[in-house]
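Read through the structure below, which is laid out as structure tokens, and then see the notes.
The first chain written gets the first letter, and so on, giving A, B, C, D, E and F; residue counts start at 1 in each chain.
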Amino acid sequence: MRILVVNPNTTATMTDTIAAAARSVASPVTEIVAMTSASGPVSIEGYYDEAFSVPGLLARIAEGQRAGADAAIIACFDDTGLDAARSMTSIPVLGICESALSLASMLGSRISVVTTLDRSLSPIEHLVHRYGKSRQTRVRAADIPVLSLEDPNSGAGDRLRSEIRLALAEDRAEVIVLGCAGMADLARQLQTEFGVPVIDGVTAAVKQAEALVSLGLSTSKRGAYAAPVPKPYTGMMERFAPGIVAAD
Amino acid sequence: MRILVVNPNTTATMTDTIAAAARSVASPVTEIVAMTSASGPVSIEGYYDEAFSVPGLLARIAEGQRAGADAAIIACFDDTGLDAARSMTSIPVLGICESALSLASMLGSRISVVTTLDRSLSPIEHLVHRYGKSRQTRVRAADIPVLSLEDPNSGAGDRLRSEIRLALAEDRAEVIVLGCAGMADLARQLQTEFGVPVIDGVTAAVKQAEALVSLGLSTSKRGAYAAPVPKPYTGMMERFAPGIVAAD
Amino acid sequence: MRILVVNPNTTATMTDTIAAAARSVASPVTEIVAMTSASGPVSIEGYYDEAFSVPGLLARIAEGQRAGADAAIIACFDDTGLDAARSMTSIPVLGICESALSLASMLGSRISVVTTLDRSLSPIEHLVHRYGKSRQTRVRAADIPVLSLEDPNSGAGDRLRSEIRLALAEDRAEVIVLGCAGMADLARQLQTEFGVPVIDGVTAAVKQAEALVSLGLSTSKRGAYAAPVPKPYTGMMERFAPGIVAAD
Amino acid sequence: MRILVVNPNTTATMTDTIAAAARSVASPVTEIVAMTSASGPVSIEGYYDEAFSVPGLLARIAEGQRAGADAAIIACFDDTGLDAARSMTSIPVLGICESALSLASMLGSRISVVTTLDRSLSPIEHLVHRYGKSRQTRVRAADIPVLSLEDPNSGAGDRLRSEIRLALAEDRAEVIVLGCAGMADLARQLQTEFGVPVIDGVTAAVKQAEALVSLGLSTSKRGAYAAPVPKPYTGMMERFAPGIVAAD
Amino acid sequence: MRILVVNPNTTATMTDTIAAAARSVASPVTEIVAMTSASGPVSIEGYYDEAFSVPGLLARIAEGQRAGADAAIIACFDDTGLDAARSMTSIPVLGICESALSLASMLGSRISVVTTLDRSLSPIEHLVHRYGKSRQTRVRAADIPVLSLEDPNSGAGDRLRSEIRLALAEDRAEVIVLGCAGMADLARQLQTEFGVPVIDGVTAAVKQAEALVSLGLSTSKRGAYAAPVPKPYTGMMERFAPGIVAAD
Amino acid sequence: MRILVVNPNTTATMTDTIAAAARSVASPVTEIVAMTSASGPVSIEGYYDEAFSVPGLLARIAEGQRAGADAAIIACFDDTGLDAARSMTSIPVLGICESALSLASMLGSRISVVTTLDRSLSPIEHLVHRYGKSRQTRVRAADIPVLSLEDPNSGAGDRLRSEIRLALAEDRAEVIVLGCAGMADLARQLQTEFGVPVIDGVTAAVKQAEALVSLGLSTSKRGAYAAPVPKPYTGMMERFAPGIVAAD
């Protein structure tokens, strides 16, 4: 089984961290193919960055599917481009926010998502609402720039810990979800420290992608995710030219 | 007052229709500046086309704001790229779905949106839900390709009429919203024929854009729509390079 | 275009303030006709006052429509009598709460309404819920009697400012809505002071009334707002006798 | 124990029917005091009639409370004036829609309300939503004018039966609520005929009013239903002058 | 009229308190038959205890119905086994949480439930949500073991009072519901002390059970609560053998 | 890894089918331990059967955990006893309804659950609502007794197919979930026949149980699922004596 993990942040070191996390939980028979998007912002922080990361992300997913991927994961907690990717492909496509929330709600009744920046609160709250978890979930921001998560001296860990403490005290959180890609190691540490489940989205998505592939389940090509209608795309460079993959 | 209307479908004749509709209702002191996106699909039908239309759309909005636009309208019923555009600018940005639903709910208690294709149902239903109107709104598709609306011989009008008849009978619709850009003239005819309000999104957005500008109201730059953090964007052509406009 | 603004509070000085606010944003071709209800409480504070203000309010709207009004605005933030007025007329009728919330949700993701008294919280919360904005809106009371807003020495401004500060800090508010009629000037000042959009309902309603009239849209007479069935009304004085205006 | 039942429809024969229904279920120690509102429409059909019925209704409730009523029931399925009445009094005030829905949801999982006219659908749907029952309740109209219920030859019974049959088949209704006052006898017959619980609001309210009084429970005077602030009421006849009853 | 009150906590002294509360409000013609479940936990604190209390509880209800009970009340605030009991019987079955919330929402707009232990918060929040009251209700725990309510020296009363004070201040509570069985006397005291309605579930249920019986209303045997299909039950002792009572 | 699959229906042949399904998708390193509950109904059809199946089910889960299970699955689509089991254990416990819905919503926007009997509709609708999927999910019953699924000549397959056809046509279903345990083989056939994803809950749960165990995630012992308080259990036979497993 081959699972494509696309980092829509165009920062390759972040992709390395994500790939390591993915591999740390993948089944022995799963090959993780990690790719960095070739175009877009170095980090996705808010709606604007999200918009520019989608074409490069979709190009990678099309590329990956042509190369035989059985499932794809979009490694950004905003589930950026998820609907478009599902329309484009006939393989399952997973978002790490949806994946993390799905598992979280099997482990406890109240969930707190701890993300990076204030500007990410609203995009994530909209996702939580759309996935039907708003009654039991609170989203918090720890005021950490995304790329500082890569830097051990940034104090990001301390700020995350403070926010988790508040989540436990004020939200009565039973499960913590880390609202950013690339925090699998940290999740394990925090789980030990705080004694509650702490979920990293990338690893959650890898296991659910394996689940879908094993079960022979794939994106429905009826309705919302029907294959795009072939049509001219104006003014797109080669690199952005939409690589529509026929759904069979 | 200058209002920018961007057609994210890269079909210039459609922009002409939209511009004419916008001008037909604009105040005498409002200048309508209509622009066709320079890149993306010729018509937006579903999530995939949406994703590729956003960078070109945002480039036009940035361009328009630099040229002195007081407000911007995104002339696609999926409200494509609306959040990103709001983050980018300090002027009000309006979606035609949100604009149409806002007015519709002032005129009646039950709303039916009649859109083009089945694959557009889910994107629009998500918007309706997000705008808080799902309890009173039903979305229907008339099975019409977007560009056939431009063609008087396509039978599109007949199919719309059939679907409106069903909306009146089965949904107890009190107000009809046409779920596509460029149907202002048709809206007026249908309103006369069916004796219920029929709302076209583009004209609805023009008047509400004028309202916001007159009132001195603009996009909040706090929280969800805070100005993007300046950062490198990898692999984007000049044309896609994000033209971040500082919020003051 | 003639827009009727009815103050259902029977305090004429308040009507003057409201009329001035309405005129300050009306288009040059719009005539604002401001009327004070001839019967009911001097100020509307809670459900009880609301109930007694409706017959007088409806009488004024009927009078205004007979005199050629193209749209009517009910200048009380409880949107008092709005449904009844819509049933009665064939012109658009706007509530200032609905109008303010409609614009607010185009400008930011989280809204705080700051109203006057505690007893107004529940009526407004019910409106917010009905208009589909409860997920993104919090209602707060600044503990100010309605008529003290007319008195510059009442300290009302200070209490409003304190409550707005709390809204920004605790609710992460991105947009402020002032939950009372007659605060247009104050709204402009507060917007400058706090650097976020501050919306006054009366001015918001005037521009949206102009929008509806320009667009040729009016209250649907099908379903919820169908014209009342003519029937005897017992024991009503002349002044309260319902002036049903036929919907055509 | 004395329970006031106010018919806000100014049709005395209807009050007789309602009073008989109330007495048929009241406890032996309960005195039912039935009053017809002295002003307003002869029947309440939709939002407009509702508005004009409230002042007369409130006057009767104030009168009844002064005369020693322990609880009051508003005998119109729109729960007309309920919030205002609760603000005004220190005794419990019950609406027949709320009372019927409360009991209905103890008897089955899916509820169908069968009311009279199409124009009553929206007002009742708003109530159902507000009372938190919209997920399990559907509202239907049988196309019967309210006063025709008094006339045995009107065919109203047949039309109700047809609509109940549809509710059972299409809505999978487990409980039927009759959405009008004065149908207690009919409810009993229909319950026998259809083999599912059929609830009449007036009788449901009488028993719950007895419950509240027996339990020593009364309207909270904190927050939403705090006693009105004494203030001048302009232009109201004696009969409409608000008789504020102090909450102790 | 005979009303069965079953205490699913297998602590007989608690049943005595509950029975006394029930009798203190029952009509003179109502006989209260109080029974302690013969099997299960001595007190129900959370989901686990709940599960083991159900078979014993259902056995008592079957026994009670065979002995002529006209209605049954399950005296545990988790409404333990309520759906199963309704399926099993043809008499009305009431939960004390549902009964308390039904009355509470007739008395005020904001409700705070004060229960015993943290682990009971989620079960009760799920009930509140299911009964459609989550928008207006907050659930709080006073950190009191259930059986300490029986012990006057446990300090339970003080902790309840503190939590009620917080509910009034922070939740703007207008009505308090005590989230445990057997607190009727305390409810009366607290109502006097705090000046807001304080509701005890057992007494609330007794009066609503009387209401349903008087009205000739009973559990619908269509759909959700259809009589169980007769079938073999493996490995159940005599005592647990399901006593299906045919619904006619 | 050892995954316990408990069939709460006390029909051993059904357990065999379920075990085969579980094994058909389990990873090579996963051992499936399938157990039939020792007490309770031979098939679970509605709330009543559910209640009597829980003690036997919990006994099996306690037994399984003592024997070293890493996760447990409750193989009944009503997710019977799920909350109690989670409270009792420190391993993950999965319901097949929750598992199926979680995967379904990653594959399409509209889901139809096709279950067996009418009486199961309400229990499943409550689960769908609780899991936050009610906006996108419709539950249908094919009128098939649970045990007839075991019988190839029962016509059950034909009735399922008819109902799926209706789901596709009327609900615009994009994904089908089979609302019963033991239909994995049939799911694969139906997926091929209808060309949309068809999900069986048991297999969905097995893969998600593997996911949770691989990720080192387990039930939160804070709040809703805190370990039960040790206490006497009255009148329970040895077999039902709650085997509380301490959460560490």
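The rule we apply is simple: a residue touches a chain if its C-beta (ideal position, glycine included) is under 8 Å from a C-beta of that chain, and two chains touch if they have at least 3 such contacts.
Bear in mind that the values here come from a model prediction, so they are computed numbers and not experimental data.
Under the contact definition, subunit A and subunit C share the contacting chains B, E. The chain with its CA mean position farthest from that of subunit B is E. In terms of the distance between Cα centroids, subunit D is separated most widely from A.
For the copy pair subunit B and subunit F, the superposing rotation over Cα atoms measures out at 120 degrees to the nearest 5.
Each chain gets a centre from the mean of its Cα atoms; for subunit A and subunit B, those two points are 29 Å apart. Averaged Cα coordinates give subunit C a centre that lies 52 Å from the centre of subunit F. Put simply, the C-alpha centre of subunit C and that of subunit E have 44 angstrom between them. Counting only residues that touch two or more partner chains, subunit F has 109-110, 118, 121-122, 129, 134-135, 172, 223-225. Chains touching one another, given as pairs, are A-B, A-C, A-E, A-F, B-C, B-D, B-F, C-D, C-E, D-E, D-F, E-F. Put simply, subunit F touches subunit D in their complex at residues 118, 121-122, 125, 129, 134. Residue ranges of subunit C in contact with subunit D, taken from their complex: 10, 37-43, 45-52, 54-56, 58, 81, 83-84, 86-88, 118-119, 121-123, 126, 129-130, 145, 223-226, 228-229, 231-237, 239-240, 242, 244. Chain contact summary for the complex, subunit A toward subunit E: residues 109-110, 135, 172. Across the complex, subunit F meets subunit A through its residues 25, 27, 92, 94, 98-99, 102-103, 105-110, 131-135, 168, 172-175, 188, 191, 195-197, 199, 203-204, 207-208, 210-212, 214-225.
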